[in-house]
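Note that chain A is present in both complexes that follow, paired respectively with chain B and with chain C.
This part shows the complex of A and B:
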């Protein structure tokens, strides 16, 4: 029985991990726990937990059909475990579904709101009905020991044949309707998988999978409970599985041929390789291995081959369920570790329940008895090797709990700071503005140029060598741009704003004017770039870095070197930065940085530029790069407009002209009149929020 | 009356006023770049987006309000439904969050609130509850300063679209996007650039997508009854054969 103990110990670990992830999933949402996205809304949980779970449970209907319909009595001994596997498989499917649904507490809506056109509606109903049927089919087994249930039991046994037939019909529908799910997305599935007969393919492979799963599960329990495996019976299952797999391969390839997709079978796309891998593992390899009659009756051989085949068909379901998604613009979907752990946990949980049931009820002709597990037996004390943890059963329980708790703790530690993940905000680091655009041919490697508007010859049109073209382009660039033009493009997308730095300097009074914009310096620096504190395009960043100041490898300051001793150590009780960094705020800086005037009551970011105001720094949060830039440019321009009694200056399109390309830059700088035609004419604000009425 | 929107991409100046108006009318919060974005501008908080192409052309993207919507056909609880007026609307009290609609939509329109613990599907609903019902046109078309996107009766707009194409030879590609493909949509486009990039990159046929599932769904009751009857019949036949064999076996001495 030691093997079982070890197995259970092993199984409790994923359950523990899964527990932690469950907390993560339900407290922070799907975005935190999965790698699903708007481009791939379905992933491993659908592909593995739901679709493969259903397919793995196919053994139930295949074997009940074999025994009760085809009356092949010699398989009788493996029907009960197969029905149990199917039952637990479906329970696992429902559990997986509860993880995957965004609103799992609405799952009962399937019963009251109907949409019979939807394959998913059919799937949902089949799960519900078949789970009921399986419960009724299996119920007589645990009821055997309870005398008060004898009548129910007798009734159910009498009902067995109708139940079996109902179960087979439901399974047929259900296995195939999982394929129907994907019929509606011909543009999403890779053509090697999409087929109008996907339901049929799913049904055939489910039968093969059911047979192989019965073999696998039989050997699995035989090994762990040290029973004699029913090798002869299983060998005939294997040969049946082989024929079904051959049928599957034939149908699949003739379908490809009929659809004219055979040319897709060669190619370098990773999906093509995946297809061949799947075909080999799910079809060819098991067929070949099951066919070698020399080894066919060896338990290990059967077990291994069944495992390969099961894995292959599961891979097929996972592929269809999300891996080979063709959705546009999407990077490859790979499940997150939380998704994988949850799937493992559900499987492990199902196996644990399975082991519990076969130990406590008569699933086999005789129950596996563990001599050591007898609670009445006195514990053995082994003074040399083992620590005594009470009776063996208790000892095992303590070990299992330990495995569970440690695994959960480990998973929790990996889930550190889930909130950031949950909101899914992508950090977009801001970058230094590229100076003197005209002199920067190397800039082209970092900014994607808009070739259609660039005066340089496009690859399609230009004759002559690449080098020649490059030189010509470079010369044009170098002459087109005046010196001192910066290109502000914090996120390096190429969509940026040209900024005539040199001219602004001249206008604002030469060198003395730096501090108007460069209101703060990094230590030992003058005129630090905006991006150095406003480090993210869209999120506020920490400009102060408290931990760096306090750490030994950083500034190595003790708390009281900044915070006044004897007071709570808050930002209120701290000496100003300028006490140490004397040159941090350059003389003449005009931007007041303080937390109060960043945002006013209505939530608007207030104008920060108040000429001549005193600089007081008591916030260490730098607003996002986008906000900082807009504040600086728009704010300053607005002030100038106000001073000079001019109409509104800041029209978005005036600065945001397009991708970096030279004709536009020149336009912007010298031909303002020429581009005025492209200005947005704002409609007058409507007096009442009415407008053009519509008569339906 | 079947309402529709016609967007003429040559008139769009990319001012994003429609996006702003949509946000205001539908109370959508500001947007942030998220991990799960498709990078086409649409998100749970942006029901419409103005895509700026590399060639400086602007194309507004929103739900197409298909005439035979795949999302509606796929939703198992009928949370999405096509109203008589044209819009495809969403009833969040029904939704179970299976995201089948997102998988099914050929234009990749529905978005999900991945960061929420009570997430809902988000997509343009043609301002059905907020404006259409009260006899007002959608916010985005009303605000558009160049009338690049207009609202009206679908047939009239189709006429208008063809007329514009006819009257400006060489300006447009000779095609009204949304007239026929996948059964047609209520959001139509005319354009001087190929708009296939708004879809999954595939060239759509004219057959509506729900048609693909229909045979499978119609076969359901027959499969069910057929399989059940076949199984019952088989059991009976095999039982009978076994019995006959056994009787014969009892008459003849066994080997």
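This part shows the complex of A and C:
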């Protein structure tokens, strides 16, 4: 038992590390714990935990078939450990899957919401059903010790043959459907691995793996519990595994030949080397070593060969699962240490449960007994060597829990420190529409040029005097966006809508038409752009600009000019806007919409508000820029579409034509970069001190 | 040294200061070490603290269950245990019994020791920054007073141990060390958070504060400081120990001449020591 105790101490450490990572993963999400991304959504957890876990569990159905269907009774002694291995393998698969699923609490969805076209649907159902079958197959073992479960046990033993058959059927489906998952991606998987018969290859290799896993597991426990290994029984398993492996190699190479991929076997790509390494480790080496009877009679060689073979086929699963595509995607994926630790922890946890069950239930003919655990035995006090921590059970729990705690704390210290608090919605300030409304018919006296586009004297736009530069920039812009046309991309990303302002003015009746779109209820409202109140692209904003009123460059008001002195300066103790802005419609007022501004020359109503209706101005909270634009444009467009029987007028693509790269003034280029952080071809930054004026 | 002199002669002391601080920075980057101490090292120590305390509590409970399961005598004075445990946890009445001064100092010591680190505003800021939530904060003035109380109480406890022969007789080396070590983060934290005292030593004080704090956190679950979670179990463990093996407590009492006084009688009745041991009387009471 000394070996087992040391092994358990060792295994508790990855479990402790895994505990910390588990907390990290389930509190802070996949992004905090993994290097997975949208480009590489499947990583180590799928390749190793799920695909290899399922493959490692293949021993269960292979050995139940051997013993209960083919009646080869000499393998009876290893069937229970094999079923236990399969059971724990599947539990580990489910655990690994829960880590990998983005929303693990939705795992029950596939029971209710069926998608029978998906291989994942098949995989999910097979895991569920086969885990149930394995539970029922293994349940008689722990039930032996509980007399009240005798009837259940008797029933399950009677049901054994149907259960075994069901298990074989499900395993066949499941082992191969893991291969089917990859049939969907012929261009992603390297041609040496991709094959239309991938499901068949997976199934054959799973049988070989199951046999070798049974050998490995038997030797493993024999070593750690100091039992006599069942070399003779295992040798016949090994020779069976050899034949399956030969079949696997033949099928694999014939498939390559049939698909005309043999030329790929030679090459300098690392995938080719990996392929040969995999073939040697997973196929040739075990076949050769299992064939030489001198080696096959020796427990050490048997164990080593089985370990090599198991490792090789696991490598095959990991390769297919993503390792081989490392450099083929856009992003390089290397598993994070948390992913590796979690995989180790799941394996370690499964082994610990395995050892626990072996020690507490009759998996073998007789349970392994710790000679030190004899209750009548006096404690060995060795004052020189070690501290006596108590009886073996007590000493074990002291040591193992310490290993767990130390490892978990170590992992916690390595975990990065992600913030759980959200940064909130990122404000995206809306900017003035680009372009120039030009000279508008009939309203030339009131509307001036779009002032933000008046380029600031910028040294970057060329040599020459200030006036010359101004003219050059102006000319440049004028050729870029025609006069009378606005380009509406409030966030200045270039994704916007071309708005023919002048055409709309002409269509809707000159000066009178302003109020169709513009509110005209801002103080001194003449040409206020939408962005002045709808100041954020996606969030509502207050039309009242407090800081502007208080600023010296704005209204230059002292606090007490609005807030009453001696009271807290809140929005409650403030004098109404209309005290100063006599022409403003106060919030809370109702207005009757006159028909004058809303009806165009042909008598059609342009706004969604019916003329003559009473509208209440609730607040001066402006909806987001995007909402305002959509409401304004789509409202009219929908009416036009209906009236003119042209449905396309109201469709998105009518206005959203993609990204337009209008040449901007330097000033706007700077703004754009500052706003969106996008890659904009920038002119070199100004060297002269005048450049400071250009920063947004 | 040479360059220092040159720079001083050239442009006065300002450059000298900048130069020396640059050189110091290369030798020992205090900022970085403080960041390490309250970053990864703190996480390590805090995780060890929490998991270690859970572990020691679980191990103790497991031990208690083991002993209880194996003891043939399963009758325990549960009411008495509960009463005593609560009396020790809420030391209102215990405060003025045998050693009122020591009890009062110890109470204040514990009060500051628990309240200040948890509810200090600056610590809460760190929590807010690190994990996104925090506890309510103490007013700074209250925190200052509590801190000074802890330092004063720690020194009193230390000198109490040193000066009283009876206390000295039952003290181990670590018993002298603990009050002093516990006072270190409080004293350095006080100096660091009140820069009026010594503005120049802020970094040094912070360094000592952080590392002493981490050291204490990591020591709690593995030393006698674990009584912060084990204290509520002490009465239960003591009573259980008298039962294992069965009748052990009565035999000890008999040997000591207390046969008339069963082990689970309240302390007050035990103090009324009988003149002569009377085994018959003891049996009558046990019935």
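Definition applied: the second predicted complex is superposed on the first by the 405 of 696 C-alpha atoms of A that agree within 3 Å, B and C clash if a C-alpha of one lies under 4 Å from a C-alpha of the other, contacts with A are read in each partner's own complex, and residues count from 1 in each chain.
In this text, a contact is a pair of C-beta atoms (placed from the backbone, for glycine too) under 8 Å apart; a residue touches a chain by one contact, two chains touch by 3 or more.
Remember, predicted model here, so these are calculated numbers, not experimental data.
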Partner chain(s) touched by A:263 [first = chain B, second = chain C, both, neither]: neither
Partner chain(s) touched by A:28 [first = chain B, second = chain C, both, neither]: first
Touching partner for A:38 - first (chain B), second (chain C), both, neither: first
Dominant toucher of chain A (residue count), chain B or chain C: B
Which of chain B and chain C A:414 touches, first, second, both or neither: second
Contacts of A:397 with chain B and chain C, given as first, second, both or neither: second
Which of chain B and chain C A:406 touches, first, second, both or neither: second
Chain B versus chain C as contact partner of A:113, first or second or both or neither: first
Interface residues of chain A shared between complexes with chain B and chain C: none
Complex interface listing, chain C residues touching chain A: 39-41, 43-48, 51-52, 55, 58-59, 62-63, 66, 129-133
Contacting residues of chain A [partner chain C, same complex]: 20, 394, 397-398, 401-402, 404-406, 408-410, 412-415, 417, 419-421
Parts of chain B lying in touch with chain A, wherever the complex brings them together: 1, 3, 13-15, 32-40, 42-43, 52, 54-56, 70, 73-79, 85, 94-100, 102-104, 106, 108, 111-120, 132, 135-137, 142-143, 145, 151, 197, 199-202, 204, 209-210, 212-214, 216-217, 220, 223-225, 227-228, 231-232, 234-235, 238-239, 242
Chain B contact footprint on chain A (complex, rising order): 26-32, 36-39, 41-42, 65, 68-71, 100-104, 106-107, 109-110, 113-124, 161, 164-166, 168-170, 172-173, 176-177, 180-181, 183-188, 196, 199, 326-330, 422-426, 428, 450, 452-453, 495, 537-539, 652-653, 658-659, 678, 680-683, 690-696
